[in-house]
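Two complexes are shown next, each including subunit A; its partner changes from subunit B in the first to subunit C in the second.
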Partner chain A sequence: MTAPTTQQRVSHRVPLWRDVIVIKWVTQVFLLVVVLSAMLFLASQAGDNLRARNINTEFDFLHEPVMIQISEGIDTHPDTGARALWSAMVNTLRISGAGIIFATLLGVVVGLARLSDNWLVRRIASMWVEGFRNIPLLVQMIFFFSALTALPRVGLGSGPVNGWLHISNKGISMPRVFIADGFYQWAVVVLIGAVAAHYVRRHRQRIQDETGASTSPILWALATVALFGLVGLFVHPVFSWLGPVFGSIADLFDSLPNTAPQVLFSAVAIGVATIWIRRFLSAHRSARGHLSLSDDDWFRMIFVALASLAVVLLVVRWSGLSAWALNSSRDLSEVLETKFEVDGAARPFDAMRPDIIQKSRFPNYGKNGLTMSIGFASVFFAVVFYTSAFIGENVRGGILAVPKGQTEAAKAVGLKRGQVLRHVVLPQAIRVIMPPTGNQYLNLLKNTSLAIAVGYSDMVQVGTTVFNQTGMTLPVVAIWMLFYLSCSLTISVFVNWFNVRMRLVER
Partner chain B sequence: MSDATATEPTGGHTKDLSRARDMILCEDVSKWYGDFQALDKVSATIKEQEVVVVLGPSGGGKSTWIRCINRLEIHQEGRIIVDDVELTNDLRNIEQVRSEVGMVFQQFNLFPHLKVIDNVSLAPIWVRKKPRAEAEEQAMALLERVGIPEQAHKYPGQLSGGQQQRVAIARALAMEPKIMLFDEVTSALDPEMVKEVLDIMKALALSGMTMMVVTHEMGFAKEVADRIMFMEEGQIVEVGTPTHFFENPTEDRTKLFLSQIL
Partner chain C sequence: MAGFGIGSEIASVAATATVPITAPPETPKLPPREWVKANLFSSPFNSVLTVVSTAILLTLSWNLLKFIFNPIRQWNASATNLRLLMTRAYPEEQYLRIWVCVAIILTLAGSSMAVWRTGSAMPVTGLGRKLLATGALLVLLALLAPFSAGATVQWLLAALVVAAVGEALRRTGGRGETERTVSTLTLQVVALAGLVASLWVIPFGHHSYIPKRIPQVMHEPGTVALSTKLPWTIMLVVVVAAYFGGVLLRDRLAENALRVTLVVLWLLAPPVLVYLILRDPDFDMGHVIGTDIPIFLAYAVLGSTLLLWLTRPSTGEIGRIVAALVLLAGFATFLSPMRMVLRLDLLLLATFALAAPTFAGGLRARKRYTGAWLVLLGVMSWLITSINTASTVRVPGGFFIGGLAITLMVAIFTIVLSVPLGIALALARTSSMPIFRLLATWFIEFVRGVPLITILIFFSIMLPLFLPRGMHLGEVAAVIIGFVLFSAAYMAENIRGGLQSVTRGQHEAAEAVGMTTAQKTVFIVLPQALRVAIPPLVGHCIGVFKETSLLAIIGVFDLLYMARYVVPGQTEFMGSARESILFVIPIYWIVCSRMSKASQRIEQRTGLGER
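Here is the complex of A and B:
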């Protein structure tokens, strides 16, 4: 016998245990089974143990009354646990949202200052960064708290600008502008303005592209919105007819059977999955119609199909979800009905000056002004300053990461300094800056949970009080985890979407 | 040091530059990096439509000099006058010179986040304030001229080195410059791509562009240059026509350099 030819070796059947494709599939399925059964086992064990020790894990306590005073927010004396946690959640979101905005602004300033040509500005910026990022956040929070509580007490009729601005150991109180009864009608006018602004912007952009003249399209769009907003202040009652419209929509939701949202949700789930799979297939089809799918692609498609089936199952089995969706939609329409059916003379906005009231023995701020409590201020300044140091470093790194040749090439074709920054450096730097800055946003959100140290009623502080009063530790912890996880995932999804959109195209 | 003025035309070139006006005028230009003197009293005049090739060993100051012409480097002594505008600290002068002088770099330096056509039309739109449609039309014509119109809507990262360098030339030409500076533009290219770039430079030279070329391509220098300047240790050692330079150089340092590379 001669040695096997190449042809024979190629056509030789691969034994299963050496076939990479078989190995890949078997390990994937095996891993899936292991993970699922481990989770099932742990869940059933935990359930058995909790039942054996008589620990309640139901969420009924949320509807029972609690005795909690919340430092500030939408409801300072909530009647149920659910309301207390809801109010605390709004507080956490408020401080995180404001913190992210201000930390970003300050971080950009700090980052640019560290790259400044001015020696003094550079030194101050690096002292800022080194100082704030090297002191523990909790220490900073307590420092701000003790510094702010050392301010003078509130006195009746006191304040640097009496009746307008008050600064004391109860916080800072200033005039508050708030939305009034006519706001929703006015918002419709502004919405129409926004649509108009879109067309104005496109029109101005076209003129700029055709003639080369600088037509500032964005400025024009903003001016359009402002104009509609201004006119809307006077003409907004013309939209009061939307009230009855929402009323009939509410009636429609009321008359729909419970199966309607079930069918709708199932259709959406299956529709989305089908469209996704079809797009996926056409994206992987070559020009001549040849389909090439890797094993991972198959896993992805199977996963999507299974996920959509799981959603359908969930919707059908859990009819409470559909009822809840129907009820909420009806309630929302009813709220909008009342919001639109207001007196024609109602103003969209109103403003009030801060007031000081005599509460028991000591004077305190009333509800008229916009008040930033000491707790809020301590947490806010601490997280903003702390995070700005890190964001500043990201900004600096991002700008330094753009090769020097890019700036030189841009200068060499005659772009001015501002144009070099706007058209060449920043679009490239932002790709480097954004991913780590997204992580800083996540950190900021999670760091606000330290607010418990200075008595700001955030999610963790109120949750602790709730489980101390009700003994429902596990459900509260579950709510915490779910809340922080969904916030973090929302930020992550946004940052990832941004990264994918901004990715440089290479071969 | 030889007198830095226009010389007799060589075999292939029948340009009469004796009456052409001065486009680049350098007088005793010096520059230091710390203690290291990169340019030592460099004086030269480059006429309109003239093609000057700067040769010399690495670290001899060729790139520093060419980068001083559009002030990517700042000279510390002497005067540089480009098309009757002197390069000083006056930002307006610097911007005017830069918009009239095109430059092509060794590392291409294309903008990776912009499509090829946007790379080319960016400066005309924002510096010359041209309508976008017109700028894009001009960009397409230039891409046609450098032979890659089909790549217009790709990103630089999707192109080969030679193609990228051709886009860089089109980008510089889009500003309709009076002078083109080439700083070792073929040094980062694979050998088979060098020719496609050099061919475009030759065509550009024939069209009458004033060019200053730093290169190691001796063939290009022989064929295209009106004058060759040899630089070493920050000084212009010898200036002459290609015939003079390659066949009977006068300076010993030039002879040594030629013996090492030829």
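Here is the complex of A and C:
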């Protein structure tokens, strides 16, 4: 009657070294120990070697003066290492942003051209793809560089269109539209316009849903924003009172004690971990309240708890972090204060034509125009052409992935060609196109690091110069990794958010 | 009744399976005028597109031709420096070694082509049409390029001859009952033979760059054309002979065994070529006989006995414990000073011992497993010895080869070494063990979030700092480690895609048969996963080849570095950077596009996405 169950019998018989759970955990802990001790060994070796060569790895160089000249960007003669890396970072972000936008546009054109009815266009597009995809990016970059440096010198009356567009071995210069003093006040007007546009869109959508009439809600929303923008050009000085408001916020940040952000960060870390664990537990609880957790689940919960504790410890022990958070919040508010406290006549935008000045023997571009240096242009063209070939293939694949029946059905319902594309094909294609294209954006960001080969001052180029001067290789490499990892993370979070939004709602 | 139903279902499935797959019906060919109307001028918008793109295309190609055929272009910069571009400063009196390497690769390639039955039949009419199109293109080129009148006439004549041959083939090919075909391999051999013959016939000029203390251009007598026409002729004979040898072997021997042998030879080729032939290690025979061979023999005897015992199905639990102890001993050796070979051999033995129960079986299986251990141990011992031996090839400055040779070497070593690491990472990332998964995920995501150039800079500058004292690593080796880690992270993601495509039923069936997890992974899951992962893996290999150009940034003398800095840096060829980069672009392009074509063919042959 009371015979042992199979479970008990098996567990009696299995010796310790055959128990799956024991084997699993022993192997894992063993591997962890091996990995950790190997890393410790390497780190101690590096420490010894560095001490032997009298190199200290500190981040002091960030505050010390450096002798670096940066080819272009917000600061060409930075006074500290941190400032140099900061302007290099802006350069990297600038070229990545421009590259992503233009590569997307060109990629869509290439992808559509590969599906064109026109034989010649199709052929050219496939030559474009096959050509740019199969040549290393660096080779292309260097080729563009050597081709651009062979252009004629800049002269006072030169350029294809003198005064508007100049192309020479100093780069490409064109008219520039830029943000002027009144921009921030104008931006507030546009922000209000965006909120208004949201309600306008909802209203138009409701009318469309109720009556079935075509009310083009998106168009209305855009028109609202445009209207606010237009009106804002004239009335934007009414928001100059925001300046003192930001000033008092800055004072508030200044008066807060250092413990305030510490408490806040710790509370957030513990709160997030608690909520996560509670949700995790309730998700694993069956309807009748029975809780079954595998060792994997336990591991996850312990990991989250430990991670939140680590964050708390970090915040409490490292008071510099919270001081930094306080200071930068105060600085931001102060910057905003100065941005809003401008006199009423300031324009939000301004535009200038390129100019050529002659200071010494050779004329050069002045500061008025939007100038693409040779380095920027060669990185930009190489990255855009190379990525456009890949994005073009994604677009083509995405459109081909929409079943033919969809198009035929839409046509049978009586939709026009443009409507078929906009309402039936593209919404389905974009789901296929977007994930690989997001990967291409990541690749583009990382590929701009090859700019070191053509002397464009991006993160890697300036970082190399910094560690050649100061010998601080490890800290600079750490800053690189942190920068690129956070950029990659930002892009992938954005792409994932987009993918989730575009996902088919399955009922 | 139910049984009958199932039976008929199976019967119907079987019936559909035997239906021969026929090619889709050919679309009827339009006459030229209608084809132009349908494809170029079908609508007003299309007509505009055609006109605009024709104009752009003509302008671009006119400018390109004007650039290429401009008399001030220094194309002889690349022609003179071919030897530098291919191998850098490899000593000329040792050049026979490079030819031997090429011959070995061509032998393997020729026999592999025979064994894998590559090549297909091409209809003569299709060949004629291609020649006709080439002729038309040549006519266009002759008219666009800024030639002198005499040269234009010559080019036009050549183009017309090509077109006429094409037209003749097109007309005769279609005649008769059966369509005449020609093997693509024959065509390739004919084309190569034409190229080789041109070396004998056309005076390509006297070009050879001798890097001495004062660089000088040699005008006499060692010209590239003269010095390479005999070797290239021999190479052509070698590859044809290897092909027919492969055909003979294929018909005599078991095809499967032949394929396995060839794959093993291909895997062995890179280290043998680089370390034995090109590098020519200066073995210290006393040390080899006194230390290296005894160590190898001891490990061979002890290890084989151990493995023969461990692979016996009756060994059971004790075997696993012994294997674990061997692994522990392997790690413990790092605590006391001894030769690195001893530690590495012991770790290899531990790996084999741990995997032994997976491959347990009859006497044949046990012998085969032990044989694999002996071969791997031998290769590893020989590699360690030869890496640690100085080279007899004296090359001024840096690594012993450069140019295209180092580009290919780094690419091949990276690919070969990152496959096992990639598989291990992919398995760890899909494993049910959280610490494995976490470590693998962190590693993969970290490496994928960071640009390759930062990893390469880190490894080329910082790796020496992390090494224990007394251990040295060349820059190229350090960079290859960086490449391997980077490539393995991407490869792991491709393989993970393959692993996820293996259906649950496969796992469950393997478990139901009584396989262990290791057996299930090795014999059931991985073969299917890798088959699915082949096309993206080939794409990844193309990426690795393209990424080797980054070597130029960190100052390794690869093909791109030669073309950008070395050749234009010579006083005779100042300012020829554009020419030499335009010269290396086709080299990169041909390799990459051939590989991508091969990947498409593999995808079609394995029928992925259709089954």
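The definition used in the following text is that the second predicted complex is superposed on the first by the 391 of 507 C-alpha atoms of A that agree within 3 Å, B and C clash if a C-alpha of one lies under 4 Å from a C-alpha of the other, contacts with A are read in each partner's own complex, and residues count from 1 in each chain.
Criterion: a contact is a pair of C-beta atoms (placed from the backbone, for glycine too) under 8 Å apart; a residue touches a chain by one contact, two chains touch by 3 or more.
The model shown is predicted, which means the values in this text are computed figures rather than measured ones.
> Which holds for A:S214: it touches subunit B only (first), subunit C only (second), both, or neither?
first
> Classify the contacts of A:V495 with the two partner chains as first (subunit B alone), second (subunit C alone), both, or neither.
After superposition on chain A, A:V495 lies in contact with neither partner.
> Determine, for the superposed model, which of the two partners subunit B and subunit C contacts more residues of subunit A.
Residues of subunit A touched, subunit B against subunit C: more for C.
> May I ask you to decide whether A:K411 touches subunit B, subunit C, both, or neither, giving the answer as first, second, both or neither?
After superposing on A, A:K411 lies in contact with subunit B but is clear of subunit C.
> Figure out whether A:Q419 sits in contact with subunit B (first) or subunit C (second), or with both, or with neither.
First partner only, subunit B.
> By the touch definition at the top of the document, which applies to A:M472: first (subunit B), second (subunit C), both, or neither?
After superposition on chain A, A:M472 lies in contact with neither partner.
> So, does A:I433 touch the first partner subunit B, the second partner subunit C, both, or neither?
In the superposition, A:I433 contacts neither subunit B nor subunit C.
> Which holds for A:Q45: it touches subunit B only (first), subunit C only (second), both, or neither?
second
> So, does A:I135 touch the first partner subunit B, the second partner subunit C, both, or neither?
After superposition on chain A, A:I135 lies in contact with subunit C alone.
> Hey, what residues of subunit A end up touching subunit B and subunit C alike?
After superposing on chain A, no subunit A residue contacts both subunit B and subunit C.
> Residue numbers of subunit C touching subunit A in their complex, please.
My answer: residues 39-40, 42-43, 46, 49-50, 53-54, 57, 317, 320-321, 331, 432-436, 438-439, 446, 448-454, 457-458, 461-462, 464-469, 542, 546-550, 552-553, 560, 564, 577-578, 581-582, 584-585, 588-589, 592-593, 596.
> Using the touch definition from the top, list the residues of subunit B that touch subunit A in their complex.
70, 72, 95, 98-99, 101-103, 105, 107, 109-113, 122-123, 125-127, 129-135, 154-155, 157-158, 168, 171-172, 174-175
> Please output the residues of subunit A touching subunit C within their complex, sorted ascending.
15, 17-18, 24, 27-29, 31-32, 34-35, 42, 45-46, 49-50, 116-121, 124, 130-131, 133-139, 142-143, 146-147, 150, 295-296, 299-300, 303, 442, 446-447, 449-450, 452-453, 460, 464, 473-474, 477, 480-481, 484-485, 488-489
> Report the residues of subunit A in contact with subunit B in the complex, numbered from low to high.
Residues 208-214, 403, 405-406, 408-416, 419, 423-424, 427-428, 431, 504-507.
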